[in-house]
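By written order: A, B and C. Residues from 1 in each chain.
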Amino acid sequence: MKDNATIKKMIEELKTLKTEDMYLNDFFHTWKESDDEIKAVFDVAEILRAMRENNISTKVFDSGLGISVFRDNSTRTRFSFTSACNMLGLAIQDLDEGKSQIAHGETVRETANMISFMADVIGIRDDMYIGKGHTYMKTVADAVQEGYDEGILEQRPTIVNLQCDIDHPTQSMADMLHVINHFGGVENLKGKKVAMTWAYSPSYGKPLSVPQGIIGLFTRFGMDVVLAHPEGYNVMPEIEEIAKENAKKGGGSYKRVKTMEEAFKDADIVYPKSWAPFAVMEERTKIVEHNDEKALHALEQSCLASNAKYKNWTCTEDLMKTTKDGEALYMHCLPADITGVSCKEGEVEEAVFDKYLVPLYKEASYKPYIIAAMMFLAKFQNPSAKLEELLAEAKKRIK
Amino acid sequence: MKDNATIKKMIEELKTLKTEDMYLNDFFHTWKESDDEIKAVFDVAEILRAMRENNISTKVFDSGLGISVFRDNSTRTRFSFTSACNMLGLAIQDLDEGKSQIAHGETVRETANMISFMADVIGIRDDMYIGKGHTYMKTVADAVQEGYDEGILEQRPTIVNLQCDIDHPTQSMADMLHVINHFGGVENLKGKKVAMTWAYSPSYGKPLSVPQGIIGLFTRFGMDVVLAHPEGYNVMPEIEEIAKENAKKGGGSYKRVKTMEEAFKDADIVYPKSWAPFAVMEERTKIVEHNDEKALHALEQSCLASNAKYKNWTCTEDLMKTTKDGEALYMHCLPADITGVSCKEGEVEEAVFDKYLVPLYKEASYKPYIIAAMMFLAKFQNPSAKLEELLAEAKKRIK
Amino acid sequence: MKDNATIKKMIEELKTLKTEDMYLNDFFHTWKESDDEIKAVFDVAEILRAMRENNISTKVFDSGLGISVFRDNSTRTRFSFTSACNMLGLAIQDLDEGKSQIAHGETVRETANMISFMADVIGIRDDMYIGKGHTYMKTVADAVQEGYDEGILEQRPTIVNLQCDIDHPTQSMADMLHVINHFGGVENLKGKKVAMTWAYSPSYGKPLSVPQGIIGLFTRFGMDVVLAHPEGYNVMPEIEEIAKENAKKGGGSYKRVKTMEEAFKDADIVYPKSWAPFAVMEERTKIVEHNDEKALHALEQSCLASNAKYKNWTCTEDLMKTTKDGEALYMHCLPADITGVSCKEGEVEEAVFDKYLVPLYKEASYKPYIIAAMMFLAKFQNPSAKLEELLAEAKKRIK
């Protein structure tokens, strides 16, 4: 647990960062944020966590709403968003499209305004269809900006990307904060090898946003990031370009390799996880737009058959032994497909998963604080002053 | 944005109104409220909105629950109710009848008490069946009154009608407040012509509560209110009687005409919207009570066939040109059936709808404040004193 | 309504009780709690109720979450839990397993941590399968304890049993507090006769936790508790053992009789309610584990047929006349199967049920306060000091 002096020091560090552009802005993709902005999210997340651990209230909203729009299932992201809202003082209202009139032809623009009369934040998960998720979020953002400019909304709600078709910034940043803490600081990351690899799963169509989010963010920290997947399981080429540029600027490297073995060799961090090929995801989107159930079924079958050829892409104890000192940090966004536990054959052997249970849960535990930090930086022009105020006031969260 | 001096002046005006009977009471139908009471709702809504725009907390409940009971789909009313509760400090708990044991034979009276042990407000939408919605709300109101009298409940929750079979007061009052602001004050409304007209929609069984709410409220402001619909698409005769009486008292007029053209001619305000004939709605209720699916399907088909005869009842640009200076205020409760957008042929042409997008969203934006005002007036015996207190305290909503 | 002096006196009484072991602990079964602990729950419940009735805020959490996990339908327990959380300052987040990824193979242990990053309380209802509900709750409790110990969670959430396969402590304690108040104090209960009896219902598989909860708790107060049911409708033998021991220690008695008539004879309290035989419940669990729908249907049919032999096990006016002065307190956890109202033939005659409507609702009204008291005692090491603080501060709940 960090004491008040440590928290004060962390706030001092935050003061050195340029975060003005985050104020009243949205958080879509990590690569749209400057290094200072990324660091500020980590700093605020850690400060908020430390304050909570010290039973200091971080409630900066007396009232207000956080709207959640989940266009895909979610437990951990839903709870993380709720937790983040709650710790800042916002109540949650779900836009449950099953219940609402959206299905009856409401346009996104109209709905965006109708849910935002008292919304401070809108968290959106829309990761199912390539070319759709981010576009939807941008449309919502534009609509609420216009609503605010026209005097319809009394505030401009901030959009937080809780996973789109391109990036999953709350995941990748929680993951990265875990890595930073695990290795004792960002200064220890230079030269570390990260293996982001595909792994077999009996399910189909897992989003690309996790591997893309990881290579798009981890390459900024001077690490050697390796992406491995079977032939054809490519991610979006634009994101690989971003990874390359990041690596160049950050003094690390990015490359793609063809086997899990090569990726794992001497790796400091491994992140084996299933995803669907970009080309398949694009095809699926087109099929869904044409409402062609037969074609969708055929695609699913062919994709599962293709996956089945790569059942040997699985994270075994033997493979883990080939990593740096046999002790690479195993990561996953959870839930994982664990061989013999959640499926017959999956992404990881039970023995590996079990060994890393505590670090895996810790990894996940950063997400609510990352989300809260994104909101905080969007809502306060002078975040360090506001944090100092909270610390000085030291109102107890539990009486 | 209104400054504090303006808000103080608004509170002074509120002081001149007699609102005692609203205290600890319910809000069912606008025509059950006195002119002072109606005005008080508008005033409190505007004051609450001004305070929010000035970042002044309006949280009058330290804790407490607002219960929502939606017996029909809803996005905007649901979010408006949530927002209203949140801005006053209440948390929302849905009574989701799908999840609950109501389907297994619990009586309304029992449920009303079971959900009210800590309920400050109950918002109900029950608009599907003629003779049922208002009756249900009254039963809930009687049950919680009895529960309070018997010492079962520690407070008597207020019922807010979020749409019944007869009236939709939170809609009509949000609409009216929009009209008042649009025309620069209630004093400018005398002699204005309002056209509440039926319009074609490809859907079936839309509630009567919107047209009834509009003619029941708008006739109180000295305006010339015209109701137009195809033969047989009558609203409830009792409500027309109320409209006539209101018009007489208020110095305006109410009449029914047979064409959209006649209604739109020189109108200052047009409100073209689909609804099902009263006679059909009554028949449907009987059929549903007897659980006769075949008859229900037959009724739906005949109703859709009947609607289809009136596809020319649609709000076109040409028709809009015939209104006062070609610039009548177009209104709708949303979502509208827009020709070529949400349906092939509908209530309104896209060009008309798009021209009025901003005023339409503004119209909708009053609803949360109207609901909050209804609650506020039911919960505080001296509402102006309480508002002055909030203004003086000036606690920031966002720190 | 109790005045502040009375509340102070109640707090003084609370001070005499030993409640240290409740701090940071869970509430699973009443028989695991000492007499002091049981009394403390009643005392705190009454104090919290009195404070609320006096418009004194009991909000001890500035922010925080209460997680609800309902693995069976519920209206009243859901609303009671929400109310309890709200009155202490916690927001509710449902773990809706339909929406979440649990169905896709997440383990209980993982989920428990993922929902608990900011959870102060987890309320669980899992009453459907013998040997499962309590086990599930224990697993969650162990998982969050480990999560806390490992630094994953910044607090150790308290588990509150909202009904398991074995006990329904929030129900039995609300029932008992109702009895205490009805008879004017715990000192008046010695020698009172309680008839917990089976009653006919046209439904199948009602949980055993209510009758077990009642005999497990009511036997602690020196009363003569009688359990009556048709042959074969036994409850869990372990719980009967607990009832016997309790009776011995408490100076009362426990026995099983074979007819409703014998049980009702001169009873001061009657609790006629349907349940499924323990043996059937055990069989059902096995069948469900093997996913054998045919066997499940057969079991249901045989169980309904068996029930139908005992339609005469129903609480009639005539039977009520045989109770003490014909005026026994009729109790039910609600909703009841009322003959001619919610079913053709059921647990109770309409005339009996209607006569006891007000006491039945009062009985239910204690539940939110009981739950709040359980949370309060788990969250504050010195509950009486905290209550005194709230009373001294006297912050108004409604401004």
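Basically, a contact is a pair of C-beta atoms (placed from the backbone, for glycine too) under 8 Å apart; a residue touches a chain by one contact, two chains touch by 3 or more.
Note that the coordinates shown come from a computational prediction; the quantities given were computed from them, not determined experimentally.
S.K.: Rounded to the nearest 5 degrees, what angle rotates subunit A onto subunit C on CA?
M.R.: 120
S.K.: Can you check whether subunit B and subunit C touch via the same residue numbers (shared by over half) or via different ones?
M.R.: different
S.K.: Roughly how far is subunit B from subunit C, going centre to centre by Cα mean, in whole Å?
M.R.: Using C-alpha averages as centres, the distance is 41 Å.
S.K.: Of all residues in subunit C, which are in touch with two or more distinct other chains?
M.R.: Within subunit C, the residues that touch at least two other chains are 91.
S.K.: Which part of subunit C faces subunit A closely enough to touch in the complex?
M.R.: Going through subunit C, the ones touching subunit A are 60-65, 91, 93, 95, 99-102, 104-107, 110-111, 113-115, 117-118, 120, 147, 150-154, 379, 386, 389.
S.K.: Can you list the residues on subunit C that touch subunit B in the complex?
M.R.: Subunit C residues touching subunit B: 49, 52-53, 57-59, 70, 73-76, 78-80, 82-83, 86-87, 89, 91-92, 203, 334-335, 337, 341-343, 358, 361-362, 364-365, 367-368, 395-399.
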